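Data block below; observations after.
Which chain is which? They are A, B and C, in the order written, and residues in each are numbered from 1.
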Amino acid sequence: MDFINAIVVLTNFTIIPALAYGSQLALGAIFVTLIYAVLRFANFATGDMMSFGTMFAVLLTYYFQSIGLGLGFLPTALLTIPFAIIMMILYMLLIDKFVFSYYRIKKSPPVQFAMVSVGVMFVTQAIIRIIIGPSDRRFLDGEKFILKATEFKEMTGLNEGLTLKSTQAITIVVTLIIVSIMFWFLNKTKTGTSMRAYSDNEDLALLSGIDPKRVVLITWVIAGVLATVGGILYGLDKSYRPFVYFNNMLPIFAAAIVGGIGNPFGAFLGGYVIAFAEILITYAYKRFIAYLVPESMEPDSLMQLLSTDYKFAVSFSILVIVLLIRPSGIFKGKTI
Amino acid sequence: MAFFEGKQMTAGYGDGPDIISSCSISANRGEIVAILGPNGAGKSTAMKAMLGLLNLKSGSVTLDGEEISKISPQDRVKQGISFVPQTRNVFAELTVRENLEIGGFLREEGLDQMIENIYNLFPILSEKKSQIVGQLSGGQRQQVALGRALMSEPSVLMLDEPTAGVSPIVMDELFEHIIKVKKTNVAIIMVEQNAKQALSISDRGYVLVTGQNKFEGSGEELLNDPEVRRSFLGG
Amino acid sequence: MRKYSNIIAAYSIMLVLILLVGIFQSWSIALTILNYCLISAVMTIGANIQWGYAGLINFGIMGYTALGGLAVVLVSVDPVQQAWQAGGLNILICFWIIVVMVVLIRYLLKYFNKSKYRTYGIAFVIIGGILLLRLTATPGIEAIEAVDPAKTGFLGGMGLPVLFSWIGGAFLAGGLAFIVGKIALGLRADYLAIATLLIAEIVVSIIKHEEWLARGVKNVIGLKRPAPYEIDLQTSQWFINLVEKFHSKKLSMINSITERQDALSQFVIDASSVYVKLCFTGLFLSVVIVLLIVTQKALYSPWGRKMRAIRDNEEAASAMGKNIVKEHLFIFILGSAIVGIAGAMMVTNDGLFTPGSYRPMRYTFVIWVMVIVGGTGNNFGAILGGFVVWFLWVEAAPMALFLINLFTSHLPETNSVRVHLIESAPYFRFLVIGIGLLTIMRYRPKGILPEKIEIK
């Protein structure tokens, strides 16, 4: 019984949150890696682009709520996803047309692209803050929990409760759906294959009649979907705050590089690697161990490897270690 | 009037000096034409000019009597010209079959049939169809490169040093494949370093020196020309 | 003379802008902006050495700035005796444990061939060391942080004059740069950018959360100053006399004695703040000038030529026998050390150390915009970039407010769009900086004052 209790504690406080957080990071990391593979630059506007899409979801959620539109027990925000995605893609295409395409035609070095994306980051942040302001916003409605701790305890008769927030379940399910569709598209369709070919060998792709404009367009469309959905899921699970989204760029980069930049599947797994590392290393194992050892050996301290203050630092350290040992990433970076 | 012809072409890179001047090269369907010459003679440049990868300062390129000097390389590809670069001529991260699919990207129909044809031409590709091309041997990769270029059923195939860096055995095999391709009524232009072997399978050849036509004639004529032998074929 | 004409023109415009702020807003604000411009200029000189001279992209400016700030605390604050007694020994032991760990790992790396056992050995040293560190540090840290937590709760510093901390900042930042450089300089440009950005985050999070070191997010206030305090000035007779003389005309117009006294004390308060800021301006200006002279000399020296050769063609330079790795590491340390000085200058200017305020936006990306906008590879350009961008960063909000009021003046005061826009005025600085960067990169990719290298 104690053993089961211990497992429940661990699942409740580490595995479920890490799966949800990992899914959010994974979507962002695939976004980063896709831009890197096809458009060939590190996009420092990543966090803010995710924030931009989410902003529309937040505003539309408020609007739908005000006219009484909703999904019952599901969050209204899910209803806004298509609209937010469209706005996001339009914005990305606009930015691409007025900013990035110039450097693409000139075949500028990646560093210059990265610098340009810093400019885009500033502009995007300004637009977001001018439209919605910098404050913290919650836009989750509907049923909060799928499984409450007390219900679980009653059901099983265990000491420890297991909670499953609806946002966590939604995050994991939606991520799996989106990512499966994306991998199917990249690997099984003609357009997807042409994208991978373009990313692998641009000159030869052109000689084979692949239209680069189309590839770029489709890349932004997929990127728009990933960024918006990733941003909305994160916002539902935690809350929406522009500054936090900007900062999320850092673990997302870490996930993309750990997974091998340019490799979407690596980025997908990289998201979970970072999330699990952050949570497992900063989790206080006191309660977990207390169930497993005899009472006399119960630990006094929190049994925490690092304080939660260092959550981000953990993922960055992992990145630094990966860069040192295996710069191409755990899953070997390659073009998509 | 030849099927595919570059007439009096003068071109160079950017604002730099002319690499080729008044250079003329032509090829008919079902013919292998070799472009030979010392290093820096402008062999690859002549080929790239015919493909449109660099702009002509003067001269013209015609395909089947039609002037194509002004259109982009992509559009020339659509008109039936296929090009196999010297390096990076396959999609190394994709499988063999995907390489062929991309080669036939512009095909509206008959993709599977065409892939079967390529498999018949290069049987080894059929065996390795699901392998990542980056893991294949050099000779196999060159076959993928040829196969990819043939997928669009081109009327003109241009090869930039197809045998660079492969062993003599593989080279012979590749040349055999090129002869097979020729029999499908394709005009083949290739730049080659291995002049003797190239001429032995070529119908005609051009020898370029400092960007100008120096000698031209049938493969046999060039092989037997004492001056050509002395200067380019090593005696 | 002509080749300097656009430099002189650019700097004159900048000076006029600051003077305009002095006339229209206040002299105190103008001097604050000027001081920050000078600090930014030092940062951009540092970043420009790395990027402009060597093509190294360092997105970790924030980390070095924070270390410079930390140096001010560690050098100038008086030591907290009680805290040292409570836990100083543990911290010192920890320090030695780290030294021993590093020596052991170096020994393993040097004297054993690469093998599984060596890897296990290193892992054992690291894990064992960390456990030992935790065991020693935890009681010490708890004891230190318990010492008068509202005021101290940290070890304090060395109690030296604050100007020494500027050198301390350079050494701390340079030390970090040595470690980072050893780890990350082999990476490709955009990886290096990401790696340095993340390492800087790690550094800041350590400074933020290790309260025994510098109180972390609880901040250290009331730091020493290399300039007089306003309060002291306001009570010194010589200063009051000076102000009285300066404003004698205005004062003589006032008849009532009490009113005159009030006016005088107001003048004295204003003047004291201006005087203090002027002292800082003088100090900062001398740092900028010294750095400018040194970096200009370096740029035209054989060493500068070598660096440019490496930047423009690494392979050729390496074929000619230049040790690129060593040169890159050196320049990375040098640039970071200069950024460290700037970080120390900034905290000295503010008089307080607030680790929570170090954010990548302000301390990395804005600095980079300065370098790009000003002109990469050109020290005059980099400094100008520091001035222009900082000026815009500060003045964008008032300017935006002015424009918003102008364009919405036909709307009623309570109009929701107008209210919303007025509330968002501070965020227009991001827009101005972003559009400025994009415009410069597009139409003047080498910056306002591009790199001009004449053969001498």
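Everything below uses one rule, namely that a residue touches a chain if its C-beta (ideal position, glycine included) is under 8 Å from a C-beta of that chain, and two chains touch if they have at least 3 such contacts.
Predicted model only: the values in this text are computed from it and were never measured.
Colleague: So which chains count as neighbours of both chain A and chain C?
Modeller: Both chain A and chain C are touched by no common chain, going by the contact rule given at the top.
Colleague: Would you mind checking which chain's C-alpha centre is most distant from the centre of chain C?
Modeller: Greatest centre separation from chain C goes to chain B.
Colleague: Taking all protein C-alpha atoms shown, work out their mean, then name the chain whose own C-alpha mean is nearest to it.
Modeller: Chain A is the most central one.
Colleague: Please find the two chains that have the most C-beta pairs touching each other.
Modeller: A-C
Colleague: Give, as an integer number of Å, the spacing between the C-alpha centres of chain C and chain A.
Modeller: 32
Colleague: When the C-alpha atoms of chain A and chain B are each averaged to a single point, how far apart are the two points in Å?
Modeller: Distance between chain centres, rounded to whole Å: 47 Å.
Colleague: So the centre of each chain is just the mean of its C-alpha atoms; given that, what is the distance between chain B and chain C in Å?
Modeller: The mean C-alpha positions of chain B and chain C differ by 59 Å.
Colleague: What residues on chain A touch chain B, complex-wise?
Modeller: Answer in residue numbers: 190, 193-194, 196-197, 199-201, 203-210, 334-335.
Colleague: Spell out the residues on chain A that touch chain C in their complex, using ranges where they run on.
Modeller: Going through chain A, the ones touching chain C are 41-42, 44, 99, 102, 109-112, 114-116, 118-127, 129-130, 133-134, 246, 250, 253-254, 257, 307, 309-310, 312-313, 316-317, 319-320, 323-324, 327.
Colleague: If we count contacts the way the header does, which residues on chain C are in touch with chain A in the complex?
Modeller: For this pair, the touching residues of chain C are 57, 183-184, 187, 189-191, 193-195, 197-199, 201-202, 205-206, 208-209, 361, 365, 368-369, 372, 421, 423-424, 427-431, 433-435, 437-438, 441-442, 445.
Colleague: Show which residues of chain B lie in contact with chain A when the two form their complex.
Modeller: 73-74, 77-78, 82-83, 85, 88-94, 98, 101-103, 105-106, 148, 152
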